[in-house]
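In what follows, chain A forms one complex with chain B and a second complex with chain C.
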Partner chain A sequence: MDSQPELPIPISYVSGRYLLHSIEAVTYLRREHHICGVLIGTLPQIPQQNVFLGLPLELMPEEARLLVDKDVACIVDEAKAQKGMNNLLEEDRRRYLRELEAEGLHYTRLQVDLKDSKREQTMKKLEEKKAKAGAKAKAVAAAAAAQTQTSEGAAPKSSMKDAAVVDLFAPDDTRSSSPATSTPSQSAMAITPATSYPPLPTPPSSTHLAAPAVPPSYPLFAHLHSRGYFLSPGLRFGCQYMAYPGDPLRFHSHFLVVSYDWDQNIDLMDLIVGGRLGTGVKKGFLIGGAQRTIDEVDSEADRVDTVRAFSLEWAGM
Partner chain B sequence: MAQTTRPNASAITSHMSTNNDSAPHIATAAQVQHNLQHQHLWTSLTSYTIPANTTQTEPLNAPKEPIPLISGYPPHRVYTHPDEQLYMLENKIKEDDLQPERMFVVPTTQGQSWSLRHMAVVFDKLPEFVEQAREQDGGSLGVKAADDPEKREQLARYYAKKEEVSRTGEWGSQRLLLAMIDKGMGGDGTVAYYVVQEGEVKPRQN
Partner chain C sequence: MADADDDVLKNPANASVQPEVDLSDETQDFRFLNNLNIYADSGSLPRRGEKDFEPNPTEHQTGVLSESRKAMHIALSFPRLHGSKSHVIAFYAPDGYFPLAEVSPPKAPQHTEKSTESPEKPVRPTPRSANINPDVCVYVPNPKGTLFKSVGQSDRWNRLWLLPEEALYLIERGSLDIRWPSPTDPAVTGQDDLSIPMSLQAAYASFVGHGGLTLERYSVYTGLKRLGYTLARAPGWCDEAEQQENEHETSPSSSVHENVKPMLRGAGLAGILGSFFNWLHDPHSTASTTTGPMIGTGIHRHYMDVYRKLAIIPWYDPVTAPPSNPSDITAPFRVVFHVWKPSTPFKKSAPPTPEFRVAVLSTRDQASMPTMTQLGALLESTPLDPPSGEKMERMMYMRLRHGYRHVILAVVDQGVVSYLRVADSAFGKEKLYENQGGPRGPKRGGRGQQKSRKR
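Let's turn to the complex of A and B:
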């Protein structure tokens, strides 16, 4: 559970998006760095299914920037990195393929074992049932002994039939007469690795892309993140970010967050709209921003320290 | 022919003109004060002004226009922090047992310029005005005398706790009301009030 991926974690930059493909990295960042991102992967066979999405995980530029600034992650140009596949030594390539096959075999074996144990269990149950039925029959009438024998004779036949049914659904080992003993060496499960970083060497730091460009709301984002809030995109509530006091799976969000520049004119109607909406969904409306612009300081980190935030709620009067 | 005469000015208009409406911020403040006094039955209303600053070289310099402020005692508590509410419930303290608190209001009008600078300046100046108001009240509103000694002890504990959390910000830090009026088309007299707090203060469970 507490596995830690090798740092810095490479974030794939693919046509303007920051993506993570490794489940290890995704869980680590969520657990240790409060970065949730958004899962955007759908099933190739059922692309309409968009309720439960999976890998890859897309990060907001703010999230990617925060991780890069903390030296937890680095940005890798995915298109360029994949070209390295051609330079891979033939020997390395073969070894990698062998490893994949070995892993696939391991999983096939696990599956076969599981199936065997399941079959054994059902057989045992059938056996017990039969024994019970037999005992009952004996108790009812000793005279019907001949009848009991015929029923005992019939039972194995039916279990044989069961095995045949199971056989039908077993993958291409129909020719083997006893499926329990077969270990199909050539039908290793095909494994599709989600990351290409064991075969490829980890890209050297000189090839990393620069820290992502971030919107003007970054200082407020980083400020709230440093206070332990989990932030997610706020489109659903018509704001910039949603701020959760803990993992979004366990908590409702506390704030609808909108960032302003220090001297940017705020339409008071927007404050009312935000405050009213927030109160309507039991959240606060939080506005804030950095006192300094990026031209006045050396780095974004200096701006984060000057952030002021204010929370609004309807007064109910 | 009967001579037509202008009708008398409305109560709010005459209130505003007697309050020197030469500056727009004063007129806005007068209207909000009128609303607080007569619709929400606030008492001991006092007005203040945060003076304007001509240059805004530093982020915390006051903005170009003066900001009016009003303070007063609402008949009921306007805001109770959720953790404070929990403490009060656990210790069986009712809102009526507590001494009233002076609340500050920033009157604004739709369409006026407003920014984070305005907000920060108001909050930075607030302690001065709170102190000023405390001197003015002269402690006359002191702790309500509870007859029950047990209750008195409970309240003393509550005020001690309140003093303690005011340093940590556990029950929220400084807060005030943002009042907004609509002057377009003469306005309909509505004043919208929002509680504004400094920093990240968790929402109430309304």
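Let's turn to the complex of A and C:
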């Protein structure tokens, strides 16, 4: 989990959107670069709910741009890259299929083991219950001394069962390995891989796309991000971005962020509405923008240094 | 949000009765997910945990955070496995629908025999089957299981053809094993099957962008599917079908319009003006809006008459309103999905009347609020659905809320979906003075359009 994936991380560009499919990349970017994105996929283990979602991770163009500017990531035209699937050599195919089969076999074994251990546990529980019942019977029997013979008969019976269980599981090692070796192809589970990169080679840097185009709010986004905030899309909460002081996994957001151009006229009502909304949910309403326009500076990165931000709070007197 | 959060934290027993807390609104702590036994298919969800206000340099907090991240990592790297019992194989057909090759009859039985293992080489005939959607791109030779009840189209070889969003949803939830078409003819290589399973990444790359499927539309589709709704493409899905759809969709409303017109007063400015002049020239009335008392002199026996005379402001009636110009319907303000509740019995061959109509908007392509014309045209494209039923008769606010036409806007902001219900309500139709005792409940104002959060 603490591994560092190979840089730059390829971001899939699919029909105008930026997606990440590799779990290593997602964890790494979240940990090291404070990029969270939005999970949009279905979790195969619990597919019928919307509370926990899984891969892929959708990145805002701002996030993708930030990563590209930092040379952490690159943009890959995924639809084009996937066409390479049709040109795979036969040996590569065979090798990949073999790998998948080995992996599937691994999961099959895991599942068998899990089932075994579960069965073992329930058996143990049953045994414990029986032992308890036996002990009770013994106590009762001890009180009523007349029935000693039957209780003594019960105790060895249970211990014999214990022995039987042990017997059952003693040759288990040989048994569990024997079906696996004898019928490997049938028992291997089929797998739908998450990404296409082992079979496909890493796309060469010549095929990388240009850095993503970003909305005018990008300088403010980059500014807040450089100050350690985690940002996520915020329309659902009535703003452009939500700014979190730390990983949203653990913290509530502090600011509702809206970006304005420096010379833009701001409707007073917008400020009142935003301020009231933010105060109502115990967050600050933050507005900001870059003082320089893109014509005045060399690059988008220079504008980030000229960003100023203000926060509003509704102080009902 | 924070208020609600605090309440929940202080009073967790209350959380279940608070319908307004939507768990999916927030980033959830994945640690709770992994407490579930993921091999058992228990559908229950974990409760959410506490969050801190701000980071502090304690080891405790660092530890908890890294635990959470680890849990997330484990949950997200869960593999998509296909056990032998539930294994359903499908094949990717990048060129769309093709019939089984009948040109070579000796080959046909061979195909059916091993159709589950080997993909057929795509043979593209010029005439496409009329009833199969041209956007299909995946077929399932041997469909089994309940998931296929509401998706796909079968052809005469009993293959089930899936649209890109259907295929992507199924592969993503781990219910379908889609294979790349094999480059080699299976007849040549013999038994060797070299078709590679498609990865989820490849599926996204191949299906999103195919046949009008955008990532936003897919997010809405899959989000509602996860909740159990049944979805089907609406005629507004693609641009070409737009014209047809308009003709088709507006015909019932226009016929209603014609039936109603003679009975009620004419619609539009001319009609209103006409009735206004009629009323002005009414010889029995001494009332005049220009010169005299508006309600006229004489004996008034009922307040109702007085109120009726005072009602001189023309109002909008969705039933008699003239149909708008179909060319006003512009992307993205088009109905792209028909949606049915999970409880509604659904038949693929004869889908019931849609319960919801959903238009999908992307905030990055459509940054401003829709104009009145756009919204009006969108509502106009849905059939008239006046409030009916015993409850509606009784409760005025429910009638207003329900409206005469309604549509759901799914606003997708970078993967985060919000649903808005837009209804065409007729405030003019609700004569408050005819109500005994007047309306109850909080005062609410508004005009022809009324919005409310769905869910």
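Keep this in mind: the second predicted complex is superposed on the first by the 242 of 317 C-alpha atoms of A that agree within 3 Å, B and C clash if a C-alpha of one lies under 4 Å from a C-alpha of the other, contacts with A are read in each partner's own complex, and residues count from 1 in each chain.
One rule holds in what follows: contacts are C-beta pairs under 8 Å (C-beta built on N, C-alpha and C of every residue); 3 or more make two chains touch, one makes a residue touch a chain.
Please read these numbers as outputs of a predicted model, since none were measured by experiment.
*Asks:* May I ask you to decide whether A:Leu29 touches chain B, chain C, both, or neither, giving the answer as first, second, both or neither?
*Replies:* Neither: A:Leu29 stays clear of chain B and chain C.
*Asks:* Is A:Lys282 in contact with chain B, with chain C, with both, or with neither (first, second, both, neither)?
*Replies:* both
*Asks:* Between chain B (first) and chain C (second), which, if any, makes contact with A:Ala64: first, second, both or neither?
*Replies:* neither
*Asks:* Contacts for A:Arg17 in the overlay, against chain B (first) and chain C (second): which applies, first, second, both or neither?
*Replies:* In the superposed model, A:Arg17 contacts chain C only, not chain B.
*Asks:* Regarding the shared-chain residue A:Ala81, is it in contact with chain B (first), chain C (second), both, or neither?
*Replies:* second
*Asks:* If you stack the two complexes on chain A, which partner ends up touching A:Gln291: first (chain B), second (chain C), both, or neither?
*Replies:* first
*Asks:* Contact-wise, after the overlay, does A:Ala222 reach chain B, chain C, both or neither (first, second, both, neither)?
*Replies:* After superposition on chain A, A:Ala222 lies in contact with neither partner.
*Asks:* Once chain A of both complexes is superposed, is A:Leu271 in touch with chain B (first), chain C (second), both, or neither?
*Replies:* The answer is first: A:Leu271 touches chain B but not chain C.
*Asks:* Touch test for A:Ile9: chain B only (first), chain C only (second), both, or neither?
*Replies:* neither
*Asks:* Do chain B and chain C land on any of the same chain A residues, and which?
*Replies:* On chain A, the residues that contact chain B in one structure and chain C in the other are 245, 254, 282-283.
*Asks:* Under the touch definition given earlier, write down the residues of chain C that touch chain A in their complex.
*Replies:* On the chain C side, the touching residues are 1-3, 5, 23-30, 33, 36, 38-39, 43, 45, 51-55, 61, 64-65, 68-70, 72-73, 75-84, 87, 169, 171-178, 180-181, 183-184, 194, 196-202, 204-206, 208-209, 214-215, 219, 222-223, 226-228, 363-364, 411, 413-416, 418.
*Asks:* Help me check something: in the complex, which residues belonging to chain A touch chain C?
*Replies:* 1, 12, 14-17, 19, 21, 23, 26-27, 30-31, 36-56, 58, 60-61, 78-79, 81-82, 85-86, 88, 90, 93-94, 96-97, 100, 104, 107, 111, 114, 186-187, 189-197, 199, 215, 232-237, 245-252, 254, 280-283
*Asks:* Would you tell me which residues of chain B are touching chain A in their complex?
*Replies:* 40, 56, 59-60, 78-79, 108-117, 119-120, 123, 177-178, 180, 192-206
*Asks:* Would you tell me which residues of chain A are touching chain B in their complex?
*Replies:* 224, 227, 229, 243, 245, 254-255, 260-269, 271-272, 275, 278-279, 282-284, 286-289, 291-292, 306, 308-317
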